[in-house]
């Protein structure tokens, strides 16, 4: 039996690779990982890549967002667990949205965020199941669940 | 017959009062409005106000968030429509969360945000029904619905 | 106690007025009626009316559709019963969509369509509760329900 | 892990075979494909094939539709993703219905339709996740999701 | 505040009138009562009454059932509580179906049946909340709830 | 990929074995079959078998029904498709209930019943997807779905 | 507009009357209150009161529980908010169950329990929205919501 | 095909090992078992183990509960069947909560409890499917389901 984990959040660091590496070292369980497009340029351009040049930046974003939302919805529906990483940079409102859609579907959620982001994330932290401030701590939570 | 509108988002301006005023001038429909606690100090302090002094700021926030989430959940469940306002200030991740919980419950959502916030809100805008950049435009949408 | 009836479908005839008139003559029950924007020009233009001129017809339609979908979702959620009218003209795919969203939400649906549209509507007719070919027959169904 | 894709829509061209061929060339993921009965005669006759001659064309259609709806419901429930193709011919109201039932069940949907069908499909396009005008573009979307 | 009670089951006795009379004598709560068409001839004929003569009895029943199911679905959705009466006569499979649809929607159900029908109803009785063998006992249950 | 079919209904004939045999001959698809306890004595006695002698027949039935309902609920939840057989004998209210719980969960349902049971089953037939009068016809329906 | 509050929990003190009194003094909002049967003897005896003497205490409890569960289900479905009081006495597993059913239905929950019950209630407290240790504090929470 | 059984309840005895042993001896079906953390110290300490020392026992419990709730939610969502054991010791309110969340999700539940706990568990027993007083009887129930 395998578990599907959706990795929401920051795409400007290699936290997913780091998390997956630590999990594979610590746990002997089959996990399937999914998440958003991590290539930022590709993510912002996908609408025009597929549909051709759009009349302006607003429509360029509209078309890319539709495809990115399709991706998120497809994989989030399959997820047994969601781990979301909030970094210092960017507003990441789509991360807050992904987490909340998962919560509304009764999917367990672990938040990772630096301590100093605690205050702006306080309501979301209390809606999620668990909040930690580092990747190794998230791995420890998984270790507690699956050992 | 009345409609319940939940007003999510920024609490540091009088946009709710402005919106309600314009709606009452434009439309002859009974609306019930609800939203988060708009007194920021009161909102941040409510945990300690009720439960007493907490060990530090993190725990102070945990207790206040629980009560603020209770408030949001209570009124969001009653809402027929959600209007969310994203301002320039603050990260407003709880606003993105409120909107997404409403979307997951199949509630129609109108986003209001200044044009320059378009890019970071692009996925959320495409999940919501309609996005406009001013309060009068949101009122025009309501006018179109209820005239 | 009142019942909310959503009147989906053709906007190029006065079938709604005719149906409401006959219902008020035949039944002593309070009904609240809602439906799509019946002014076709207004419906197609609403995106630009609110958001300003769009780059071309495709984007004009995208913005109008978002607002029309908001309207449909808002009122369809309130409906206890849906009556949909398919006329000879236009493809009316949004009518088929409205009906199906209502069916998925377990809302009872009455279809009205001319006999000669029977074949292309056959799957939808069997998903709906009842299909009739004239407005007076739909009124007779309501009479049977509420007498 | 495999993904189930339901292919709704036109049955009068070989678009499904074409799409499946391109997907298998482009992607190394196991997909299970399902869809409506593609043999039009068989689809229209299935009611009488199983239940015997019906008294008239209307009942012939009623009985066939019930069996076709059973088929759609069975496979649509299993689908992780729906791709719907709207062609020039026929009104395809059942396609609009299949898509909408899938959307109501929170399943991601890609629409394929020729540009000139844009206007009558505009509301449905905005309810779906992504709309493209050719099969290769739909394949590019899948490539973006699964690469 | 009023409560909507759907009265499923036997239509060949005046149990509904008797139940409503006893409730009005015992309780000072506003109840809205609904149920199936109690005029058996009218119920069996409604399809032909509205749609005209059908080819034979089977198709006559198909059309009447669709309209009766519409009625049941409309009122069952509004019900806060379902009371079902199983009499000696007839197989009343639609009553068992109404009750089960209500249970699946998490609506509380009281069954009334003569003691000697206990065995064939045993699974349904255990799915329902409460089973009694007379109308006055059902009224006593309501009295316990609302006093 | 396999499909789970729940076989509701009559336990006093070997229709399940017959259906499974015909399916295996006609179709090259992996099916998992489940259904109620087919040994009538065992089914009626299971409460006392596990919990010991009960004070009377009514409690004997109550305890057996609880265990039979557990069985039905467990397997019905797993089912992709339900086939229900109504025979001449017994009132089979639990079969009508199983079918209706499945319908409420949006599971496709095929009814098998002799022609002469058509009238008492008419509402349930119209709630189900397809009704046939023999096992071979039900197998033909499956053949149409899975060929 | 009124709000329905279900008051789960201890029936061996007058906490409900006290809470309702304080709420009416503090808030100018219309609340409808419901809860379990507060007369313990009546609650334990209701099965026999309605159905007659049962064979022994176990069956006496089975029949009373069915009627008490009916009551809880009826009113809990109507509730906008649940307030649960855990006292020192009794195991109150049905209170923990009522709260959890409400949480599963996405209803906001406030727990009241003496500080010394914190440890055994810790998981439930974190599933609920807010936990306080006195009635006046629960009233303060309501005051914060509705002022 | 395998079935996932969540084993809720007492963690101070080896009932899970005993149950799993008896099941493996009696049944030739693949079961996946999950349940809460059975190491009580580890369970109470997990919050501090991962997040570091908390300011007091209350916050120590809050943080541990969040992680224990995450674990329960993750595995309960996967469960096809829940078996809950109530022992003499401890109040086990989280067990009553786990069972009720499972019931609200329409998952079948078997309760095991010593006869003398019958009265305080009576409402929960009637909400669950089956209640027995020993592990071997629970195994007999599974044998009846899967033989």
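In order of appearance the chains are A, B, C, D, E, F, G and H, and numbering begins at 1 in each one.
Criterion: a residue touches a chain if its C-beta (ideal position, glycine included) is under 8 Å from a C-beta of that chain, and two chains touch if they have at least 3 such contacts.
Chain labels with UniProt names: A, B, C, D, E, F, G, H = YtoQ family protein.
The shown structure was predicted, so the numbers you read here are calculated from the model rather than taken from an experiment.
*Asks:* Determine the set of chains touching chain E that also touch chain H.
*Replies:* F, G
*Asks:* Same or different, please, for the chain A to chain H contact, judged on whether over half of the interface numbers appear on both copies.
*Replies:* different
*Asks:* Hey, which pair has more contacts between C-betas, C-D or F-G?
*Replies:* Here the pair linked by more C-beta pairs in contact is C-D.
*Asks:* Report the chain whose CA-based centre is farthest from the CA-based centre of chain D.
*Replies:* That would be chain G.
*Asks:* Where the centres are mean C-alpha positions, what is the separation of chain C from chain F, in Å?
*Replies:* It comes to 38 Å between the two C-alpha centres.
*Asks:* Chain C to chain H: how many Å between their CA centres?
*Replies:* Comparing mean C-alpha positions, chain H is 49 Å from chain C.
*Asks:* Using Cα averages as centroids, what's the distance between chain A and chain B in whole Å?
*Replies:* 24
*Asks:* What are the residues of chain A that contact at least two other chains?
*Replies:* 62, 66, 69
*Asks:* How do the chains pair up in terms of touching? List each pair.
*Replies:* The list of touching pairs comes to A-B, A-C, A-D, A-H, B-C, B-G, B-H, C-D, C-E, D-E, D-F, E-F, E-G, F-G, F-H, G-H.
*Asks:* How about chain D: which of its residues touch chain A in the complex?
*Replies:* Residues 1, 3, 80-81, 106-108, 110, 129-130, 132, 137, 140-141, 144-145.
*Asks:* For chain B, which residues count as touching chain A in their complex?
*Replies:* Chain B residues touching chain A: 57-58, 61-62, 64-66, 68-69, 72, 86, 90-94, 96-101, 103-105, 118-127.
*Asks:* Okay, in this complex, where on chain C does chain A touch?
*Replies:* Chain C reaches chain A through residues 55-56, 59, 62.
*Asks:* Applying the document's contact rule, which stretches of chain F touch chain H when the two form their complex?
*Replies:* Interface residues on chain F, with respect to chain H: 2, 4, 32, 37, 42, 46, 49-51, 66-67, 69-71, 73-74, 77-78.
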